[in-house]
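This report concerns only the one structure given below.
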Amino acid sequence: MKITVINPNTTRTMTEEIHKAARSAAAPGTEITSVTPIIGPESIECYHDHYAANLGVMSEVHKATREGSADGFVVACYGDPGVLACREITDAPVVGIAEASMYMACLVAAKFSIISVLDRENYELERMVHDYGMQRRCASIRATGLTVLETDSDPEKTMRELTRQSELAVLQDGAEALLLGCAGMVTFTRELEEKLGIPVFDGVIAAVKLVESLVFLGKRTSKIRTFSKPEQKTYLGMNAFLPY
Amino acid sequence: MKITVINPNTTRTMTEEIHKAARSAAAPGTEITSVTPIIGPESIECYHDHYAANLGVMSEVHKATREGSADGFVVACYGDPGVLACREITDAPVVGIAEASMYMACLVAAKFSIISVLDRENYELERMVHDYGMQRRCASIRATGLTVLETDSDPEKTMRELTRQSELAVLQDGAEALLLGCAGMVTFTRELEEKLGIPVFDGVIAAVKLVESLVFLGKRTSKIRTFSKPEQKTYLGMNAFLPY
Amino acid sequence: MKITVINPNTTRTMTEEIHKAARSAAAPGTEITSVTPIIGPESIECYHDHYAANLGVMSEVHKATREGSADGFVVACYGDPGVLACREITDAPVVGIAEASMYMACLVAAKFSIISVLDRENYELERMVHDYGMQRRCASIRATGLTVLETDSDPEKTMRELTRQSELAVLQDGAEALLLGCAGMVTFTRELEEKLGIPVFDGVIAAVKLVESLVFLGKRTSKIRTFSKPEQKTYLGMNAFLPY
Amino acid sequence: MKITVINPNTTRTMTEEIHKAARSAAAPGTEITSVTPIIGPESIECYHDHYAANLGVMSEVHKATREGSADGFVVACYGDPGVLACREITDAPVVGIAEASMYMACLVAAKFSIISVLDRENYELERMVHDYGMQRRCASIRATGLTVLETDSDPEKTMRELTRQSELAVLQDGAEALLLGCAGMVTFTRELEEKLGIPVFDGVIAAVKLVESLVFLGKRTSKIRTFSKPEQKTYLGMNAFLPY
Amino acid sequence: MKITVINPNTTRTMTEEIHKAARSAAAPGTEITSVTPIIGPESIECYHDHYAANLGVMSEVHKATREGSADGFVVACYGDPGVLACREITDAPVVGIAEASMYMACLVAAKFSIISVLDRENYELERMVHDYGMQRRCASIRATGLTVLETDSDPEKTMRELTRQSELAVLQDGAEALLLGCAGMVTFTRELEEKLGIPVFDGVIAAVKLVESLVFLGKRTSKIRTFSKPEQKTYLGMNAFLPY
Amino acid sequence: MKITVINPNTTRTMTEEIHKAARSAAAPGTEITSVTPIIGPESIECYHDHYAANLGVMSEVHKATREGSADGFVVACYGDPGVLACREITDAPVVGIAEASMYMACLVAAKFSIISVLDRENYELERMVHDYGMQRRCASIRATGLTVLETDSDPEKTMRELTRQSELAVLQDGAEALLLGCAGMVTFTRELEEKLGIPVFDGVIAAVKLVESLVFLGKRTSKIRTFSKPEQKTYLGMNAFLPY
């Protein structure tokens, strides 16, 4: 089984970390390919970044679909950028790491908190929690206050802030599990889990298992209405990324 | 007061119709500039189109902001593409036609129905209705079954299907006002209103009035958290559209 | 265009302030008439006052409708008293200042807080927020603890308490815009806005712009079902206020 | 124990029927006094009537409170007019027949439907269902199409329409109990119950039992915040009805 | 009228206290029989206890139904265990004390808080609040931190903790009434009510009045669909408790 | 990895079919043990059955936990009986087939419908859909009208009714995937999927993959609050099933 993991931003070091996490979660027979888009922002921290990132994600799914190189896709940014459009492009399962982490957490905990990067994203995280129907399971949304690139480059400070917010989530907000709200936090999962004694979910590993499961079971995206293939039409100035 | 109306798709004839509608709604002192993005899909009928269109909308807001040529923006596609990102780019008010039409309709009717183009979009319209808090005001979402370009090119058939779905909305679903779920339907507003005897809202005119109002009152997008300016960062392959 | 602004309480000094605010928001061609009911409470701070005020508001709409003296109405109390009944009496648009301020705020901010007068009203404000579908946009409801008449007579103290509650709303509750939950607070809008650096909405000016917009666009209240004209019937002891 | 049942409209024949129903539900030691307001509409079928009726209801509660003549109150119109204000006036329990019927029905049925008079009221009934938290228990809201006074004067036709709508509620909407959405339908309860074989609730009898229960248990309306006594203030032109 | 009150746990001293409370609430003509199941946990503090208790509750309803010894049932544990199944077994009304206390509280207060025993139950209480549609009426859920048996055996400590949590509920959370979230707290109702000056509801007395009311009115559980009698079938190893 | 699949009813032929389905979904290294409780109903079609079944499910989890014979559990009835209590008993992941199927379906379809057995269960399915936050993803709940045992014994009739209800779900309700609302329907999955051309989910295979994923990732149920181990206490008359 071949799974393509897409890092929606263009920072290759993050793709590498995501790749390591994805591989660690993959079953023996699963081949993980991790890709960095040829277009997009170096990190995703607001709507502007998010919408800019959609295109690169869509482009990678088009490419892998054309090449027949993937049985399923993981979109590895905690805003699930582009996922709904990708479900139209291909009938191979496409799973975003936010949606994946929430479903997985609900199976082992009554309430979870999300620890994200900047608090300017809290509003979108709250919207996403509602969109996935998780409003009664989400104890709180908290932010470390570090940017994605700081998270990537200063692990010590990140671990300190992650721990602090996580402890507040548990003690004040009633969290019983934690979700790491940035793909760049994947390296802290295990340490944080040991420190806190509760399940900590990195979305990448959750999404890999869910895509693997869907592929194994032969389930493909429903093409009957919402996610049917986009009509063939002209996309001005987008030939480099979209095959229409 | 200068308002820029952005047609998120690249079909210039639609920009012209939208422009006419916008002008008809504008106050005497309001200068309307309508623009067609240099990048994007020729019509917007699914997530794939929607996400591709975001970039062109953002690009136009960047451009007008750089040039200081707009006091406010209307995004003239009934999926409100790019709006949240545009609220980050500028502090001039940015209003999408879906959000505008729903608020306006609620002031003159207990329940509204949305008549859209293809039923594959119903799911996204339903999500939008929930996102704007309008689930108890929305009687139903219906589709004519005609594409955006058919809507644009075959007015007779469009009027027939619009009428049919509108009558069902009123009689079966309890609608007391109608929202036209596609910027390309703007030319049918008046005729449909007369036929049905209830308010029919085209989002373009609703959005023009709301932006005008916000500009008149000196209200600008809050920059304190969610919509603060995007961080300066590298956007790979997007120099042509985004100024970062 | 003639707009009648109704102050639902019987305190004429408040009518005058509301009138000034309404005029400041009106377009050049708009004629604002502000009226004080001949029946009702001197201020509105609880359900008892609210229900007593309904009658005066309805009476003024009847009167203006009979005289043909209004193209639209603003109801200038932050509980929107009588609005739904007035939408039955006339097909001219009737807009309450609470509903108006919430819609306007949502166009320029992710989250708003309402600063009201007494905390005994919080429950009704919360109900209203839900009724208008704004529960996910409302960061908090706070009260200055001053009565309507104190708000009117002691501007210094009012400004101090408004500022204090507003700062808490921004820092603790995540507000990105503020709504002034009493028509008598209209004079503090600009000062508070400058102090806090975020949009502050007085409902009166928001409602004036929305009514103007609806009248300009020729939209009238839907008479097809919910807001159709009340049946002709006997209203015992109400001849002085209601024309039936 | 003395319970005052207020018919919010001014039609005395309806007060009499309501009185009979209330008495039939009262415990041996309960003294029922049924009153008709000295001000208000002859029937309640829209917001205009509802708001006009509030005053009469409040007036009766003031009067009975002043005279110390009631241990509890029933407001006998299926829109619960005035109830929230009356909870401020007195600390004796005040129960509306809509709220009462919904709670009671939920104890013996998974889903209920409301059969009301005119479909223009459906929107308000839907709002009330949401306000009382009953949206998942309410299978549907249906209307007979007869006015309140027709309901009162043509029992045969009313029974026929009630039966027809009730059968549709059970067969099509999944209702397992029925609520009669007008105090004037109280005389049909038993016959309809026998015909349909499911519980049918008239709100009057439900409310009498709930007020009796609260009085028996010594529970009084909480005066700590929302329902504390209204401030003493001037009510212009309302001396005849309100004691302030 | 004969009402059977079922203590879902097997601690007889608690049955006795519940019985006293039930008797104090019963009307003169009501005969209260309180029973302790022959199977089940000694106290109910988690899902494990709750599910184990269901069986005993069902068994008692079967028994009383077979013997014709009850016109209605109260299930006296604040998780309403077994109630939905019991509504299938018999058509006599079955009322749980949590549901009863919430409905009653809503008739005399805008917002209530629940004070329960251990905070591990908060999640289930929150689910229950949502299931009964009371999410907007519930100000908070708090726990004393004492087990059910400690609550039963150390009244002084219990009163101290109940008071402390109740005061926080009123001052910080906005509660205007309190619900005692454990049948074993029934003895503290009156004292707490006097201390706090707001209504305090023990569910046992609330449920007794509601069952009495339903029986008096001749209302029986709807047997048309959800609560129709269970099909006759084999229950392996359960002959001692269930009559199938 | 060892997974125990519990058939909550006592019909061994159903355990065998469930076992086959579970095995077909299991990864090569996964050892599936399927068990039938020693206590409980022969089929589960109402609350009475459901609550009776809880005990057997809990008993099996206790047993496997004591024996150390399971790394994770699947509860194979579409009401997820006992699941929340089992999450207290063990820290090995416990997954119910309803929750599993809904999460999986949401990854490949915008909307799903559930096809269940008897319509008396619709209310509980609706409650479950809300409890799992899936109300906006659930297009409808439909029933074949056949009992669990008929479903098991008459495959031809079952297939016919399943097909009929599924087609209505797709055409009338807007379903884009189907969930089989009874573990006994597992054998029809593939055929139905081919017939309809949309994803059809049997909960058993969905749950097996989710438990496998959680075990593989080393995620265990959070023991910090809600699902901490039940207190040691006396369970009267339950020694045979519960180890306390």
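Here the chain labels run A, B, C, D, E and F in written order, and each chain numbers its own residues starting at 1.
Keep this in mind: contacts are C-beta pairs under 8 Å (C-beta built on N, C-alpha and C of every residue); 3 or more make two chains touch, one makes a residue touch a chain.
Small disclaimer: the values here were computed from a predicted structure and weren't measured.
**Student:** Hey, what chains does chain B share as contacts with chain D?
**Tutor:** C, F
**Student:** Quick one: how many steps at least from chain C to chain E, stepping chain to touching chain?
**Tutor:** Minimal hop count between chain C and chain E: 1.
**Student:** Write down the chain pair in B-C, C-E or B-D that repeats the interface of A-F; the criterion is over half of the contact pairs matching by residue number.
**Tutor:** B-C
**Student:** For chain A versus chain B, what separation do you get between their C-alpha means, in angstrom?
**Tutor:** 29
**Student:** Residues of chain E that touch two or more other chains: which are they?
**Tutor:** Only 87, 110-111, 122-123, 127, 130, 136, 174, 225-226 qualify.
**Student:** Taking all chains into account, which pairs touch?
**Tutor:** Chain-chain contacts present: A-B, A-C, A-E, A-F, B-C, B-D, B-F, C-D, C-E, D-E, D-F, E-F.
**Student:** Which of the residues in chain B end up touching chain F in this complex?
**Tutor:** That would be residues 122-123, 126-127, 130 of chain B.
**Student:** Tell me, which parts of chain C touch chain D in their complex?
**Tutor:** Touch list, chain C to chain D: 10, 37-43, 45-52, 54-55, 58, 82, 84-85, 87-89, 119-120, 122-124, 127, 130-131, 147, 225-226, 228, 230-231, 233-238, 240, 242.
**Student:** Which part of chain E faces chain C closely enough to touch in the complex?
**Tutor:** 110-111, 136, 174
**Student:** Which of the residues in chain B come into contact with chain C in the complex?
**Tutor:** Listed in rising order, the residues of chain B that touch chain C are 25, 27, 87, 93, 95, 99, 103-104, 106-111, 132-137, 170, 174, 176-177, 197-199, 201, 205-206, 209-210, 212-214, 216-217, 219-227.
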